[in-house]
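Each structure below appears as structure tokens.
Both complexes shown next keep chain A, but they swap its partner, so chain B is in the first and chain C is in the second.
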Partner chain A sequence: MEPTLMRHKPFCDIKNLHVSFHGRTVLQKVNLTLSDSGILVLVGSSGSGKTTFLRSLNRLNEHYSGYSGGGKIELKLSGSMQDIHCPDLEVTELRRQVGMVFQTPNVLPVSIAQNINLPLKLVTGLDKAEREGRLIEVLQEVHLWDEVKDRLKENSARLSGGQQQRLCLARVLALKPKVLLLDEPTASLDFKASHKIEDLLIELQDRYQIIAVSHSLRQARKIAGQILVMKEGQIEHLLKKDQFENPEMLQKLLEDIF
Partner chain B sequence: MEAFLQYATVFSALIVLILFGFLTYFTLPLFAEGQFAELFSLHWRPFHGEFGILPMISGTLALAISALLIAYPLGLGICLFVHGLGPRWLARPTLLLVHGMTGIPTVVYGFVAVFLLVPLLRNNFSHGSGFSLLAAALTLSILILPTIILLINSQLEHIVPKLRLTTTALGISRIHELTRISLPAASYGLLSAAILGFGRAVGDTLIALMVAGNAAQIPEFAFDSIRTLTAHIALVVATDSQSTTYHSLFACGLILFLTTASVNLLLHRIKHRTCRETDCE
Partner chain C sequence: MNKLLNFGIYCWSWIATLGVFLVVGLLLFYLLSQGLPTIGKELFFGDAPAWKAILGQVRVWDALWPACVGTLFLVLIAALLAVPLGISSGIYLACFAPKSVKRILSLLVELLAGTPSIVMGLFGFAMILFLRNTFFPNANTSLLLSSVCLALLILPYLIFTTQAALESLSDEYLLIGPSLGFNQIQTVFHVLIPAAGRGILSGVVLSIGRAAEDTAVIMLTGVIANAGLPQGLLGKFEALPFRIFYLAAEYRTSAELDSAYGTALVLLSLTGILYGGAFALHKTLELRWNQH
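Here is the complex of A and B:
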């Protein structure tokens, strides 16, 4: 099947995507056109290829050994649809525009400020004044500014898990991405910190195209504009908002699928 | 078992203390006889009653520093090569080779240098016999190279894999990641490699003895023949075992002992400080 949702303009067009590692197929025959309808949440049992799908979009799968794959992915970057494998598009530039936040917070072993400053400097080459402005802007955007403004020079490892995750998000936002990929961003956080991140993502959804993997149906229902159900390396369903607003309905639908 | 370990610890500590006492005790007559100033004179002419060990001290320093200057950048480069600047498939063989180098006896390096490097220097540069500071520094740099590489590598091994996915996903290039993030985070490894490399270079005897030429003079030039403290002790012990000549050796020993001890203390302090700054265990 080839689910399409044309409520707004498409931002992602995937044709015949397939990925395998060391000869073992992880994704196969993925054909999909996604339109901008709020946060897209990927659900599915473990091993269904959610993370690999996510990593296809910033070509991060190629970083792992044993990777082989093919297909065509077009993403809406800087106004127009672009083939992400096009040789004109540097992979580092693609990854700047398609930012990613991981399951466990992965702060760099430097200070809080440097966590944002250093990648910003290395990737965009902005000057110091501009970087400082951007630092404050993104820390405010993830509601971390008030908590860290007096300790920017402290080692980032001293922050709590939730704060670290928001710092990681801020670090990605500082690079002005078009698309945000989130791989179970709250998996390692407690209930309260998870809620903060969820509320934050809902706030950010108008500014960035967000695609998140989630292991929690509660979370998926809360933040998703559309839900993509994956099974055994394939797209099983693309659910619209009205199909999962009712929790029992969603539960039943997923039970039917799995 | 615990008691045994405690005894072993006390025993080891005692040996070091005894060694220090022994060296000091035998150096003392030099102080008593007022020959201490002579010790730090520029000339080693035992038959004229001149026992200056300054040429040996300067020889040792010149050799250790030049060996480090050659080996350190090379070692750092190899570490960066292994951790992502070179092709992935070459990383393991390179490290295996370096590990293999640690097992090669020093005398082999000395031997190869005497038969290959020294004639090469002699024939291509018309300065002396080829047995020189340069020849010894080149050979010694090969000897201390694995120490430097393995120390830096052992820390990068902990740091790089954790960072690589993050930096790759952020669009940071490999070279930027290594030079701007990984290496600064590995500052303890970088410093300890330099200090331990220097310590090894100071302590090595055989290469200096075989390749450096052993002339007791202050080195002024890369092709000068030099004598190190270690080689000096070996040479004098082989020919003499009494008189002030003999006593001056204990001063050499004491200097070497104190150098090594300072190297280790320095290392300990750096580790302590780095850990406090970076919250490591």
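Here is the complex of A and C:
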């Protein structure tokens, strides 16, 4: 067997995915096989269906009124490929394994600690000591621990936007997901805070399969292992690393696309 | 032109706010000036010794104490019946009900909300007549019947405010629970209800006030002028709003009318205390939610 093939095993296989809301098509004819070669970055103009694509992977679209859709999605969860619509896979279990951080940070209006504790308590059933250990572990993982260790009981709404975004990420990481869906993780952040998050994602990419939406080409080039270009609800291109390593080449490719 | 309009709107909202303050202030001032001098042991207990009256060892005539206790019990029992039911119905309507069911139920709740309180009283009265003619020949109007009818009266407020508080949460907020792998029950009880707590509380406060002041319902279902302390759920009782009503309607001396003002003041304070209780309860629940 070729070594390269060993390294690039598929982790996501999508056949004929389509989604519409109130009869208006948002995603159509999405056929895709993704291999695990680093972070997958989703780019595309506003309204092209990036968020909807992410929500297809944890079946969150089903919570919106007017949703209809179909197709087959297989994800690699706990070692083997699994059909996410299979009745044997509880949707709550799927969502624990496929964690999502939204475009705007949405902390629960409770204390910093409780933001991580509540999901842990409800979803994993760990006991108090284990939960406390996990809390410290994930807050360190997202480099938030030093900033909040003295104010864990404070309301999380008092954190800055970037801190809230990292808290949301920590909240998801605490549940030990296999796949991370990040919808514009740096949307509300300044240059420096964005850099911090980008470095963090690069750190995390070995432990989690990350799919992130990005609006910035600079960011995409920095963190991506592959880039998925979306346009009007369809997959336009899947770019491999060698295709976008040269900035001019990437610029030209994207200009052709938009 | 635009500036002038802006200024006009600005002035108007000031005047309107000031107007409300003035009216409420005047009302309170008048009530205080008339009622405050009458407040004292005499008003509450008449000739009876205070401690013995409080413990129920002597009968109190022509004084407030039995009515205070009556209203307190009335409101507490009505709230005990209506609050759990109303909040649960509101949660069901906002979070679980299918669209078609929701439409029908909402219509019914609106109908209930639009029912005048005197009709609610008549309903209770008719029910007693029915029971007398069928299963319970001894059935009579009582504290329990009044509380049940009052509970019916305040139920729609509780349902509406709970439903509205839950439905005003943003789409993004609704999705936090599911995105973390919570099931629907967990999402509702651990994410949505705590966030809607303030709105739900305002419904509780509103309905307590409504239950405390209503006279029409209890007049037909068991209140009488000189019942003394309520003798159990199936006994007659006195109540503050009813006492105000008949003092004002049938006073013989101006002192009696003044004691009606005093009674109104006491009713206001009692309602205030109940509000305080509701707030305190909310605060402890909020604190509990925030801790791990």
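Odds and ends about this structure:
Definition applied: the second predicted complex is superposed on the first by the 251 of 258 C-alpha atoms of A that agree within 3 Å, B and C clash if a C-alpha of one lies under 4 Å from a C-alpha of the other, contacts with A are read in each partner's own complex, and residues count from 1 in each chain.
As a working rule, contacts are C-beta pairs under 8 Å (C-beta built on N, C-alpha and C of every residue); 3 or more make two chains touch, one makes a residue touch a chain.
Keep in mind that this is a model prediction, so the values were computed, not measured.
On the shared subunit chain A, the superposed partners chain B and chain C overlap sterically.
With both structures placed on the common chain, the touch criterion links A:R158 to chain B but leaves chain C unconnected.
When the two complexes are overlaid on their common chain A, residue A:A113 makes contact with chain C while staying clear of chain B.
In the superposed model, A:L175 lies in contact with both chain B and chain C. By the document's definition of touching, both partners, chain B and chain C, reach A:L122. Contacts of A:H63 after superposition on the shared chain: both chain B and chain C are touched.
In the superposition on chain A, A:T104 contacts chain C only, with no contact to chain B.
In the superposition on chain A, A:R96 makes contact with both chain B and chain C. Taken together, the two complexes place residues 58, 60, 63, 92-96, 99-100, 102, 106, 108-110, 118-119, 122-123, 155, 171-172, 175 of chain A in contact with chain B and also with chain C. Interface residues of chain C, counted against chain A in their complex, comprise 171-176, 178-183, 186, 190-191, 194-195, 289-292. Within the complex, the chain A residues that touch chain C are 58, 60, 63-64, 92-96, 99-100, 102, 104, 106, 108-111, 113-114, 117-119, 121-123, 128, 131, 155, 171-172, 175.
Taken in their complex, chain A has these residues touching chain B: 58, 60, 63, 65, 91-96, 99-100, 102, 106, 108-110, 118-119, 122-123, 155, 157-158, 171-172, 175.
Against chain A, in their complex, chain B makes its touches with residues 88, 159, 162-173, 176, 180-181, 184-185, 277-279.
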